[in-house]
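By written order: A, B, C and D. Residues from 1 in each chain.
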Amino acid sequence: MSDLPIANNQMRTTQIVQIRTESPSVKTFIFTDRLCSKAKPGQFLMLWIPGIDEIPLSIMDTSNSLVSVTVKAVGDATRHLHDMVPGATIGIRGPFGNDFTESRGRVLLIGGGTGTAPLLFLAKRLALKTDHLVFVEGAKTANELLFINEVAGICQEKNIITTTEDGTAGLQCLVTQPLASLLEKENFNMIYVCGPEVMVKKIFEMTEARKLPIEASLERLMRCGIGLCGSCVIGKYRVCRDGPVFNTIQLREMKDELGISKIGFDGSRIPF
Amino acid sequence: MESNALSISCAGLTLNNPTMLASGIMGYSTESFQRIANSGAGAVVTKSVGIQPRVGYVNPTVVQAESGIINAMGLPNPGITIFSEEIKFSKMILRVPLVVSIFGYSAEDYAEVAKKASEAGADAIELNVSCPHVKQTGAEIGQSPKLLSEVVQQVKIATNKPLIVKLSPNVTDITILAQAAIEAGADALTVINTLKAIAIDVETQTPILGNIKGGLSGAAIKPVALRCVYDIADQFKIPIIGCGGIKNWRDAVEFFLAGASIVQIGTAVADNIEVFQSITKGIENYLRKKNARSVKDIVGLAHRK
Amino acid sequence: MESNALSISCAGLTLNNPTMLASGIMGYSTESFQRIANSGAGAVVTKSVGIQPRVGYVNPTVVQAESGIINAMGLPNPGITIFSEEIKFSKMILRVPLVVSIFGYSAEDYAEVAKKASEAGADAIELNVSCPHVKQTGAEIGQSPKLLSEVVQQVKIATNKPLIVKLSPNVTDITILAQAAIEAGADALTVINTLKAIAIDVETQTPILGNIKGGLSGAAIKPVALRCVYDIADQFKIPIIGCGGIKNWRDAVEFFLAGASIVQIGTAVADNIEVFQSITKGIENYLRKKNARSVKDIVGLAHRK
Amino acid sequence: MSDLPIANNQMRTTQIVQIRTESPSVKTFIFTDRLCSKAKPGQFLMLWIPGIDEIPLSIMDTSNSLVSVTVKAVGDATRHLHDMVPGATIGIRGPFGNDFTESRGRVLLIGGGTGTAPLLFLAKRLALKTDHLVFVEGAKTANELLFINEVAGICQEKNIITTTEDGTAGLQCLVTQPLASLLEKENFNMIYVCGPEVMVKKIFEMTEARKLPIEASLERLMRCGIGLCGSCVIGKYRVCRDGPVFNTIQLREMKDELGISKIGFDGSRIPF
């Protein structure tokens, strides 16, 4: 849990050092930042695209003073970011939020879309503690499956399950489908999930049915990132400050909202 | 000391303890209000609500500065029609007073929002006439005694709920605005809203906030807020709700001594949501040490000669 | 980059570098001015001087607050007659411009002090019309466009030295005061003086300053000072001297980007008298990095759209 | 040299724990203060007498968290302080200023009036390093000689010289008088002096004539105590921030002002 007093975490600018294309719509941006390079898997940062917007992004990796974030171009801010070149200036605040607990034993990670990024970061750490890591990843189509090589470097091949909606790679189905049999077959000490909220909701229902422990990282509209503005609230929790990682008990408390409604830009509750 | 040393009745509201959540902080949902109440707040104030929904400004809407933050949210809010449902829901659940903060672009706006909020069950109405970052709204009204007086009068007609006017510090003489509000019928004053400010990034050579300018809050503004409370309490008898940079019991007590009966806490919630509890505990110890039976006993003591 | 990238000519003054000692800091003696100049200041401003000697307020005259200090010195000064000798002495020794800060209770006062200071050799006159803590002086004049205009006009007649007007932030709209000063003939504006504030001690339940209220300076006020500079530069072409909470090169550059051509440093001297040198060094590096040939190249850049 | 950033040295209140009468006009006040209890000999603090004044006082002693100051009633503030009783509330800022260097070898300390206080503090520290401490103390009359017993506990009797103007104790003369023969007779590695500025000036002239090293603690009008207001300036130095202890070289630089003129309450130079 990051408890940096806000005064010690002011925005600073840095230059993009490297940009890697991960898929047609996803790029990884690497830059130096002292504070965020100490982040733990699950934590996020606020990235300022000068003159455009400031958006929350999960930290995908750190090494020495370098920090990586993996970003899907979905709108104005992310497209502007995708248009940037190495050397471009961005602003950084963070790391913010809590992190995944690092479980031992048999561990399952389920990522959807760019939700794979923080799980890859987590998997690297878990690999030091456990040798039974199962990684399940889903995407619309083959070339949107992220970090296939990286995951293969961490997990045994038999422990990697991929799904695509169009069947261009792995199983042709939603990521939730192979889970049913997997959870039937195997027992897990911890299940980690990060992806679209509707997916998280489905998986949470499955783990609840089987009384399995889960930690889910959620995404909500974020503005301040420091627990003030209320944009990211789900139930009684602020995703930016009390999350973004929530455990089984917390997820139960927010059942009425998880995957059902969220707070929109105008503060009203809007359905998913 | 009896257990109700901390309770305070003021301007028609009764609070278990003299701390309130300031407007705009986690201020949208019943669950947030309840969490804040459970964290020890004596009352909660909602995010400021207007007639129409507003999505607010583009990010960055918050910049961290030294000893504080600068924000320019742009009054994102769902509009009073939708928010009335939230007020009703809150009133069913919440065990502390719910103050609904409202803003508008004219006296009629204010009156309409106040009326709807009151009908939905608001325990009091706080007028945000001082929000410094939306053109043609707060800033102008809160800076002009005449406009302010008009708004307060109209709202007074539209609701019989306690009416709190939240003053802007961005004025030449805050006591003149206080006087206008009082004479127009305000039941209490919240002192103060944020100080107009800016943050500029030297690398990109641009203002950081999406809206360019914003309002400074947090510890940096405490000496100014405290002076505003002191100045108003020096001249008027109206109940004052102190606000600006309060983050511990000592700050809160300073505001009581300057003349406030209640304090609001905003920015300090970022560092610690349990701040209400620790402040209340500290006030309680302080009152005991000073042999004061209630907060009322210490309100305005710094004015003794 | 040539060595004179840092030098700046502005409002009739030429400085080796764009930093100045703010008024009231070590501002009495030639030896102090010289030490500050040796520490790297491009110019020095004296303590504000009036017609008559004043001993100032009883201590405490300074209270340390979070990210700043609150002071209420009460304008202690030897009066212009005695101080004229010091000005003459300084002019014999000092190799940087000497700006004499003056205050008064009327336009005639200001004019008389300005005249004597000019005759003694002041390189420029800075009008302190914003000192918030002496009744019937600065505060009132600096808060009224009419009074301010009158004072500036009279001083303009009394001296042909560059005339700098130092504005108070304790106003509803600082651009209106800026306009009054400009139209009355100011050659430059110093933006800003301190914010009205108070400090109260909870143990003794009394205000701490001898004068009860004082002016907040230091890092706490930087976002407000920067906003004032930005607002004025947005509307007017007059040279601006930025002041308020500057303590490192980054702060200084922010003020340049907001529209200042020179910066003054006050409170930061308490932590480090070598602050001028380190700020100048930092500005130099920054200019080099940004391929700017002089400070002038970056003045106001934050206003680009 | 204390280099506490001013932000970390805000005024705090404390209660007077004990008051000791040292002479008809001098009392010692003892209170707890964490920061000042770490002070070194020569440093001073700003003491707030609520509602009355705030004045600079040398720190006379520290032990654990206790701090002592020794105060002569000379005017409004000091008289109010003298009227206080244990339990009364005072405000403290500090410690401020620099401290004496702690010399080894043969050391001479010369105190006048309450100037004896910081020298006693210093002598206690020096006694741990050297066994040749000569202490010279002067006062108007016998019962104004401060800390006679304390000094006797540190220095050998033959190394203590006292003078009174009325001859009621020690030699009947000014404190400067026995110095001439002492400096003739003995050689010192360091001479420390604290007392009225005119006395300091005289002694400095004597050490200069003999090319002896000296450190003098000066008193000037102080308001801010943190190097801003300029009230305490002597030559190019601020007594509160660059002093109050000055060495031979610095004293030479301020020769034109030392014991000659100072800055008065209105900022003008006034003669002594």
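Here are a few things to note about the model shown:
Here is the rule we go by: a residue touches a chain if its C-beta (ideal position, glycine included) is under 8 Å from a C-beta of that chain, and two chains touch if they have at least 3 such contacts.
All values reported here derive from a predicted model rather than from experimental measurement.
For this pair, chain A with chain D, the centres built from the Cα atoms lie 64 Å apart. Computed from the mean C-alpha positions, the centre of chain A lies at a distance of 50 Å from the centre of chain C.
Between the Cα centres of chain A and chain B there is a gap of 36 Å. The residues of chain A never reach two or more other chains; the list is empty. In chain B, the residues that reach two or more other chains under the touch definition are 65-67, 206.
A linear topology is adopted by the chain contact network, the touching chains following one after another without closure. Touching chain pairs in this entry, ordered by label, are A-B, B-C, C-D. For chain C in complex with chain B, the touching residues are 65-68, 70, 143, 170-173, 195-200, 202, 205-207, 213, 216, 219-224, 226-227, 230, 245, 250, 253-254, 257-258, 286, 298, 301-302, 304.
By the touch criterion given at the top, residues 24-29, 31-32, 34-35, 47, 53-56, 58-67, 69, 71, 73, 76-79, 82-83, 201, 203-204, 206, 208, 210, 266-267, 269-271, 273 of chain C touch chain D in their complex. On chain D, the positions that touch chain C within their shared complex are 5-7, 9-11, 13, 46, 48, 50-55, 89, 91, 93, 223-231, 233, 235-236, 238, 241, 263-269.
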